[in-house]
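Each of the two complexes below includes chain A, the first together with chain B, the second together with chain C.
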Partner chain A sequence: MRKLVQSHATEFALLAVIAAICAVLSLTTDSFFSLGNAFDLLNTSSVNIIFAVGLLVVLIAGGIDISFAVGASVVQYVTALILGYIGGGGWMSGLLIAGSLGILLGAFNAFLIHRFRIISIVATIATFNIYFGLLMFFTQGVSIYDLPDWLTDRVVLFEHEMADGTWAEITLPVLVMVICVAATWLFITRTTTGRQLYAFGDNPEGARRFGINIGAMQFIAFGWLGMMAGIAGLIQAHYAQEVVPNALYGRELDVLAAVVLGGARLGGGKGSVLGCVLGVLLIAITQNGLNLLGVSPFAFKMIVGAIILVAITLSNTSIEKLLPFMRGARR
Partner chain B sequence: MADIPGTGAKPLLSLHNINMTFGGIKALKNVSFEVLPGEVHCLAGENGSGKSTLIKIITGVYRPEDGAVIEYDGQTYSHMSPVTAQANGIQVIWQDLALFPEMTVAENIAFQTVIGRWPRFVNYRTMRDIAVKALQRLGVALDVDAPLKDYSIAQRQIVAIARALVGEAKLVFMDEPTASLTQSETDHLIEIVRSLSASGVAVVFVSHRLAEVLEISNRLTVLRDGALVGVYPVEGMTQSRVTELMTGKNFDQQVRAKSVRDNPVVLEVKRLSRPGQFHDISFNVRSGETLGITGLLGAGRTELALALFGMLKPRSGSVSLHGKPVRFSSNRDAIKAGIAYLSEDRLSLGLIQPQSIADNLVIASLDRIKSGGLLSDDRKRQLVARWIADLGVKIGRQSDAVSTLSGGNQQRIAIAKWLATDPKLLILDAPTVGVDVGARAGIFEIVAKLAESGLAIILISDEVPEVYFNADRVLHMAQGQIAGWFDPQSCSLQDIEAAVYA
Partner chain C sequence: MKRFVIAAVAVSLSLAGAFTALAADSGKVGIVVKIGGIPWFNAMDAGIKEQGKKLGVDAFMVGPTSADPALQVRAIEDLIAQGVKVIGVVPNDAKVLEPVLSKAKEKGIIVITHESPSQKGADWDFELASATGFGEAHAKLLAEKMGGKGEYAVFVGSLTVPLHNAWADAANEYIKKNYPDMKLVGERYGVAEDVDKSRSTALDLISAHPDLKGFLAFGSQGPIGAGRAIEERRKTGEIFVLGPFSPGQGQKLIKSGAISGGFMWNPKQAGEVFVTLADKLMKGEKLKDGDDIEGLGVIHPDVENHNIIVDQLVPINKETVADLAKMGL
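Coming up: the complex of A and B.
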């Protein structure tokens, strides 16, 4: 047990913080501690978690991506247009189209980074502007409301009637999220390619001397994020039941903050899927709690900003050092 | 040279007619090289002599020019590839180790198992078994599940060696393996190399530290300017002979010590102590004097120097400069008072590699080149020109980046940077680490000239010959205390070495 705590100190620290926040919110509000609210949190966080596990892979490989959220907007829009063109489609074709488009956009980032040796933050700030600029230019900012029925119909996977007559529901985005999380976990911890990504992020020169294909690593990392972003884009359209070109604009920073909060290191080689999920949940729970406490929504941004600050500060020191009971847990 | 007299052994590796050209410059000229099975072989040569090029040819990183013959383990090749080299048991432990600090020890050692083009599932249990077995073979106990970053450099070195053994190594190259190790860690490493050699693995050792090379190797191959100087048995070799072979120059060192008893005292240290680091240290340094401080790593030499430079606070005792007691609250105070300290890692920390020679040289003395509150380019140029000439630094233009200079010339720039602050006391901590044997002599020429001009100098080194030949008095520190004083004019090098390594 001690060993487990040591090797997953960030995750345990996050769990502790989440537990503390939940305890406070359960005592101060009457609606936080309910199945309905818990399920709601999962439903609303799903898209961000899918983004986050994608971004995690890029961070582990030593890169960073600013463009994935607007990339997802592009994917949403183009997928909606293609679905309209082929006359509807279904979940299978929708996910396939969105995933492939996402991979293409990610591969373009990897191409710029690998072929022209542009550092990833610069390359993706550029593509962030290009993707978003192209999208706004061609769409004139016009939203699409006329989506296929399968895409806008809510799919309830599990429901439970509460004492007060409301329904607590788990919906499709949660299932997709769980699959994406499981796939990413399997990929980065249990496959040789995943371990090569970690090694590449940890010590690129060392990885190169082992004969690891550096170019392939970039394409795989950014391709994986692209695929996750594409899927997240489609799920967000499903959840919102519309495609608004600038709906995801700005989401990249929230997700980045959550992933770094979850223990991923800007600079590569470090980060876990569990930490990443907990990071997103921590921010989501904080927002949810503020909401229930009646704090003005205008304050949310400020508080998320503070969390980003804390996350970046901790990306090098790690959160457990600030918590007295975790001290000494690491050698 | 096919058979070594008395052994009759067939070489494990033999290279002939190796030529390599980079951008019109011949890096290797018709070089031959042989390694016997299970021997410890030293590859010696100055920086740029072609050692690393040769290693990279053997490990398949470079392809030699046509006509090369590489015979390894009964097979003949015209060139190697990294894959064939590794598959046939040729392993390199690079100077920077090429390890992955965030991963576990097990994964670092058995990383070979996750290499390959096509994705497979990782078998952590196999990895763990491989790692445990490799460490057992080295007789080392490490927690294979702990992340590598929890371990010291010396232990990481062992992990790198264990990793090399996983590939069923027959021939292991070690590139400067002891550069960042302490004496006892080096001893442990040498033991490991011996046991490898005893178990039939040939080890090729590349090192600047001649003492340990001579201690450990059976044979020695010397390269100079890309050409083979010769292959020699190590028995009967001396450090100065190897230096001569490597540089082609004769460095018959003379004891420089002189008497400076009549000069005024610059620095007076009385009963200086800092618990756990140094205890009851008293000495003085006179103008024009070079005081040598030697002792094993961990003897408290560097801590003492840092205390004199204001970076560590002594608990008790006093320091006075020119008779006036001083107490520094930071190294800025010490610099202002006229103390300059060249740290051991000056090449990486002391110089800003991408910036120009001129900017590096004046960075600690910007106050001196001000004119009307702003920096004056003219004054800067004059100051730089003066020091470049004084120290005989070979440069192209003042605006060239420091990184374009050789190690020895970079060292001179680092010294010049401090001299430009016009110090009264110059502390040199291991000034020749990472500097070629040939360039070392040049550095000590400068030290002697500076002393002659009246500067007080403290020369710290763990290489006894350096202080013996270049200091006027030698202070031997052990376990934080003064263990003895030596006067090079009236004692032999062996006297001091016997005391230090006792």
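Coming up: the complex of A and C.
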């Protein structure tokens, strides 16, 4: 048990902080500890979690990507246009188109980084501007409200009427999110390629001497993020029921902060799917709790910042320092 | 590599050439809006272009990529460097812009603002709706829908947007005075420029306050986000959402009843007024009490605070929404 706690310090620290916040909120508000609220949290965090697990793979491989959120905007827009062109489509074709477009954009990042040896943050800041600039240039910022019905119809997978007459529901974005999370987990922990990504991120030169194909690693990592970003983009268009070219602009930093909070190392080689999901949830729960508590919105940012600091501090301090009795047990 | 360098040099030379050519023009009017690419400011852009053509003024709009005051400052600096005659601004943050607007004025540039009454550093600010008139119109409608009792919440674009907060103040004041049974929950939430945040905040507030019956959302995306939350919670007809929004975007929601209605002014008209005023001021005309100006009607300028405020409200409801949406709003 102790070994498990030690090797997953970040995850346990986050869980502890989340548990503490949840306990406080359950006691101080009537509505936090309810099915409806839990489902709301999942429904509204889905898109960010899909982005986050994609970004996690790139961070593990030692890269960073600033362009994925505007990339997702490009995918949204182009997908909507293609769907209009082929006259409708459906969820399968929609996800296929969005995923492939996303992979293309990710592959372009990987190409720049691998072929020209540009540092990933510089390359993706450039593509961030290129993708967004192209999108604004060609669309003139015009939004698309006329989307196919299958895309904008809400899909409720589970619904339950609560005692007070409100409805708790799980919607399609949650299912897609669960599939993306599971796929990423399988990919990075249960496949050889996934393990090679860790090795490559931790020590690229070592990995190269070991015979790992460096180029392939870059393309796989950025392609995976591209695919996730594409899917997240389509899902955002699904629940927003519109495609607004700058709707996702600025999302990249929120997601990056959450993933790093979840224990992914910016230098590569470290990070877990669980930590990254917890990172997103911690921020979502904090925001949700502040609204439920009726805290003055003027204090929101201050509190979110403080909670991030607490979580980071906890995960960086060894667990034994915080819990002296465990050290006692070792003696 | 060599070829690449040559190409890069060629590109930068031609760009530099293009910029000098632009700067040589005189009497240009540059209008910096909150954020580019959203329907509201696209309509304003259309108004600016049309009126510019009509009056023979070279007027153009600059839309930053996000609603960030720093980006507006940079855009205004660029306009000053280009040597425009008039700068128009729809500020994201009144305070942040003060120094750069003063700098423009020192250079002899005429500064006109919109949606930011009594802006420091501006020659004139014009409003198509008075803060009180606009806030009260929404408050009145909300009170009607809610039957004069119950809890309501207020969204604004950001806690630092002066106008949204002035509307919210006026609306709250009006409700407090005339409908003592209505109760405001949770001060106000600065989420209404972001549809996702408006949606999740509305969902949270509905959970937190079972007696919540209304949302007043001042900010272009606020009513849309809150309306979607109402649909999700199946509270259409029980919780009422009011606020100004883009009719094209909210058409489905208002027809289904998830948004009850709101008022707006016509951003295209605002764009036209920017150019009309710029044209008059460039010609050295003074604005006097009782002047009848195209797009504003008869004005009563407040010279001390350099405000021109008129009430040109357009209601958005089931009947008017289709026509407004057709205008591309």
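What we mean here is this: the second predicted complex is superposed on the first by the 294 of 331 C-alpha atoms of A that agree within 3 Å, B and C clash if a C-alpha of one lies under 4 Å from a C-alpha of the other, contacts with A are read in each partner's own complex, and residues count from 1 in each chain.
Keep in mind that, in the parts below, contacts are C-beta pairs under 8 Å (C-beta built on N, C-alpha and C of every residue); 3 or more make two chains touch, one makes a residue touch a chain.
Predicted, not measured: the structure shown is a model, and the values here were computed from it.
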Following superposition onto chain A, is the placement of chain B relative to chain C best described as a clash or a fit? fit
A:Ala38 in the overlay: touching chain B, chain C, both, or neither? Say first, second, both or neither. neither
Touching A:Thr191, do we find chain B (first), chain C (second), both, or neither? first
Partner with the higher number of touched chain A residues, chain C or chain B: C
Partner chain in contact with A:Ile212 - chain B first, chain C second, else both or neither: first
Is A:Ile121 touching the first partner chain B, the second partner chain C, both, or neither of them? neither
Looking at A:Leu104, would you say it contacts chain B, chain C, both, or neither? Reply first, second, both or neither. neither
Taking the superposition as given, does A:Leu175 touch the first partner, chain B, the second, chain C, both, or neither? neither
Output check: A:Tyr145 vs chain B and chain C. Expected answer is one of first, second, both, neither. What do you get? second
State whether A:Ala199 touches chain B only (first), chain C only (second), both chains, or neither. first
Give me, in Å and rounded to a whole number, the least C-alpha distance separating chain B from chain C in the superposition. 22
Which part of chain A faces chain B closely enough to touch in the complex? 3, 7, 189-196, 198-199, 202-203, 205-207, 209-213, 269-270, 331
Where on chain B is chain A touching in the complex? 82-83, 94, 96-103, 107, 111-117, 119-122, 145-147, 150
Would you tell me which residues of chain C are touching chain A in their complex? 35-39, 41-42, 63, 65-66, 159, 185-190, 195-196, 199-201, 203-208, 210, 228, 231-234, 248-249, 251-252
Residues of chain A touching chain C in the complex: 29, 31, 34, 36-37, 40, 43-44, 132, 136, 139-143, 145, 154, 164, 166-167, 169, 236, 239-242, 244-247, 249-250, 287-288, 291-294, 296-298
